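Order of writing sets the chain letters: A, B, C and D. Residues in each chain are counted from 1.
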Amino acid sequence: MIEIRHVNMVYPNGVRALNDINLNIDRNEFVFVVGASGAGKSTLIRLLGLEFPPTAGKIKVLGKELTRLRRREIPAYRRSIGVVFQDFRLLENRCVYDNVAFAMQVVGARPRDIRRRVPEALEAVGLLDKARMKPQELSGGEQQRVCLARAIVNNPSLIIADEPTGNLDPKTSMEIIEHLKAINIRGTTVIMATHDREIVNALKKRVIALENGRIIRDEQRGEYS
Amino acid sequence: MIEIRHVNMVYPNGVRALNDINLNIDRNEFVFVVGASGAGKSTLIRLLGLEFPPTAGKIKVLGKELTRLRRREIPAYRRSIGVVFQDFRLLENRCVYDNVAFAMQVVGARPRDIRRRVPEALEAVGLLDKARMKPQELSGGEQQRVCLARAIVNNPSLIIADEPTGNLDPKTSMEIIEHLKAINIRGTTVIMATHDREIVNALKKRVIALENGRIIRDEQRGEYS
Amino acid sequence: MLIRNILHYIKEAFLSIGRNGWMSFASVSVVAVSLFILGTFYLVNLNAEHITAELESQVEIIAEVAEDLTAEEIEQLRVTVIQLPEVEEVRFVSKSEALQRLKERMGEEWVEGYEDEERNPLPHSFEIRTIVPQDVPVVAGKLEKIPGIADVEYGAGVVEKLFRVGSVVRWIGLTFMVGLAVTAMFLIANTIKLTVNARSKEIMIMKWVGATEWFIRWPFVIEGIILGLIGALIPSLLLYYLYGEAVNWSQTNINFLPLLPSYLVIGELIKLLLLLGTIIGALGSALSVRRFLKV
Amino acid sequence: MLIRNILHYIKEAFLSIGRNGWMSFASVSVVAVSLFILGTFYLVNLNAEHITAELESQVEIIAEVAEDLTAEEIEQLRVTVIQLPEVEEVRFVSKSEALQRLKERMGEEWVEGYEDEERNPLPHSFEIRTIVPQDVPVVAGKLEKIPGIADVEYGAGVVEKLFRVGSVVRWIGLTFMVGLAVTAMFLIANTIKLTVNARSKEIMIMKWVGATEWFIRWPFVIEGIILGLIGALIPSLLLYYLYGEAVNWSQTNINFLPLLPSYLVIGELIKLLLLLGTIIGALGSALSVRRFLKV
């Protein structure tokens, strides 16, 4: 499903965030990306989300080579995946409900479907009662869960999440992870950058460890370290 | 050092985030504030940082009653404490160095002191080599550490930190906490909201647990839960 | 699906105007102020041209006929003159008519003793109007060369000055109009850029979530058109009212300087302003959004 | 400590202008455009007034003296007239001088036979100039009642019209100037608000870190002054150049309509623009920042 070949990422200021990354991720896998702060996890996630192209190498997702996408094909690609951003990226002047609904409007969903699916997604992250609040009126963890709800609402076949539990307490984190696991079992591939040792160790899924932009470990039923 | 009496916080939209909070924190304590997402941790921190006044109750910090401060006394109070914000709040168009230096300029520090102390603080959080980068060029964890450096650079007698390790891997987190511990030993009071079970359990410091805006537990050598 | 989208765009545009109330106000006010200034200039310029034309059109040539011509020769002369391509109208003023006029202007005693046809020292003359006032000097030159015409007068200095002033007024007015239009565009583009700038985060988030460029752009464009139209409507109504007042005022107070009547100019002006407002709004936001869509 | 702060403020102001390059550009350009329009109006208005005054001051009264007065009586009359408080200058024009003028204007044949003093039908007359042109009708009224004066003429219609036009020009000009100043302020305040708005996050962060209000405000105010000054300098230089050209052009092309010479007006104008720019910049940013300091 995902094929990464000799990918390098050097930021405009000269920082080499990724160094010759090679990866294969199959349909329906659940992959943790771990590593110290600044190791390059977010950079990898952002490459998959097409925030920018790699400086070198090839990335193939869902059969499409990302570096070869034409400009007008990019939105369609982004809509086919669900992304949880490390810095949330919620629309400030829209309420929680509208933020999640927007992801569905963008794919041209029918209003009826929107009215059904959005509450479901909010329910899944435990925020149905705050649907009418603005992002600034939410706690850090609540904002993060809105972002997660937005990522799952379209039932994408690939979810990439950047520390989706960074601002959550262990109990809420576990609930979220259980939900992702359920989605994964129903056929969605999940890639998740995380620092949460407990979660990684509890799930016994594939773990890819980064250090200074290189893959230093890739285990099928791995532990945090 | 900190005295909180019958404090209530109801946000303008009607959400009761804190409900009759009573607390005494002594000089030189190291206090963890824990609780589920939305429990009211950040609200407590923000009250201490004078982001807004409580809707009811009294807060006394460093001998000053916060609700009685006149408008022109507020900056002086804010300068006397160091705050790590959950959402970082870095000045976007200034480099890391200037962000930290700004906190010193604000207190009217001499340029010589600024040139000495800022690198020390950046060193402490392991970011000296990124001093000239802009916040947007940093990883999430790196931004969080800049915020921490800014909070400690003035040697405040009180540090309040809102999930200062939320975006950090366990190893980096531990380093940061060790640094805070060292500062604490030299006489600074530290209050820290966190979700990190490992850290809380490792340090065996005072733990205040919140649930739905109430204190449900307050133990001197406590555990996460 | 298409209709759903259009409804979505329009709804979004109105919601956005409400959400960004303050900025919407800023944009509308810049458009309104710019178009008001532009509209005022348009009216002032139109009237300045009108008045100049009015004054110019009153300029005529007086050609004195040589003393010794017969009535027939004079008639021939008249035909020659009227056949000049620049000439619109030729009026014959006989000796006695001229004397009559002089009498009216200067009083009885002046013409006393001259009233007899024989003793009348005044010549016959033609009063000639050209089609275009600017041709007066040209025609005068041609007339002077026609045998049988003794003297040509058209208050040379005054006419030429008038024409020069007229063209200066027109030239200054046009420069100013164009300059104002350009600066208005510039101001408005700036303001819209600033407002869009302040919402760059919003636009970028939309992109990250997978919105197509037009899905993002349409609400902004529609928003721009709405704001532009409102911004054009305000000066339109204001100018409609004020110009009406000005015309009334001028009629009672300076009736020798006739302003163009309201119905002749206001319709055109309002059409122009609304068109400009729409274009400015649509183009302004479309172009400003583009900058952030590239990301 | 104080000097350190001042240096910090100025440094911050310049850094900020650089960092917000695009917005600085927008602010400067709005200030520049507004002040340019204002300055142009100022010049146009000044010259319009000047020209009207020039034309008005050329208006004079002609009072014909009754036929039967002796030279002594005429002299007495002259004294009476010059003692009228509104009168500035009285010139006596004798019969023969008047005839001479007529001859020059109309040609020999017209005065032929009248050149003899006895047969000259023209009266003696006074040419009278008032101190203030507006007094012409008043003085004319008074003159008519003085015995010994046969007839008073001042081209009544024209003068009154001219005065009315003059006051209209002045009135329109003033209204426009004030209106433009207000709208310019408004546009500029809007733009500065937008730029400050876009930096509200920055201002709030400064507050959270403990900066005092003036520590935050000063760099913005200084930045505003710098931008305002640059924004004023551009139209100043432009108008300085363009007005010089306009004066030159008018001297060679329409010398009967004299523009005020450059050195008389440009200094004042530039002072005015720089002052306005500074005030606008300082006030604009100080007021706009205030909104966010309240938090």
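Definition applied: contacts are C-beta pairs under 8 Å (C-beta built on N, C-alpha and C of every residue); 3 or more make two chains touch, one makes a residue touch a chain.
Values in this document were obtained by computation on a predicted structure and should not be read as measured data.
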- Message: Over the chains that touch one another, what is the least number of steps taking chain A to chain D?
- Response: 2
- Reference chain C; chain at largest CA-centroid distance: B
- Note on the structure: dist(centroid_CA(chain C), centroid_CA(chain D)) in Å evaluates to 24
- Query: For chain A and chain B, what's the span in angstrom between their mean Cα positions?
  - Reply: 29
- Note on the structure: Here the gap between chain B and chain D, centre to centre from mean Cα coordinates and rounded to Å, is 63
- CA centroids of chain B and chain C: separation to the nearest Å works out as 68
- Query: What are the residues of chain D that contact at least two other chains?
  - Reply: none
- Note on the structure: Each of the following residues of chain A touches two or more other chains, namely none
- Message: Based on which chains touch which, is the overall arrangement a line, ring, star, complete graph, or other?
- Response: ring
- Pairwise chain contacts, counting only pairs that touch as defined: A-B, A-C, B-D, C-D
- Item | Touching residues on chain D, where the partner in the complex is chain B | 1, 4-5, 8, 19-20, 201-202, 204-213, 215
- Can you list the residues on chain D that touch chain C in the complex? 22-23, 26, 29-30, 33, 36-37, 40, 109-110, 121, 161, 164-165, 168, 176, 180, 183, 186-187, 190-191, 193-195, 197-198, 253-254, 256-257
- chain A-touching residues of chain B, taken from the complex the two chains share: 11, 13, 15, 34-39, 41-42, 86-87, 133, 137-142, 145, 162-163, 166-173, 195, 197-198, 224
- Task: Over in the complex, which chain A residues touch chain C? Could you list them?
- Result: 49, 51, 72, 75-80, 83, 85, 89-93, 102-103, 105-108, 110-111, 150
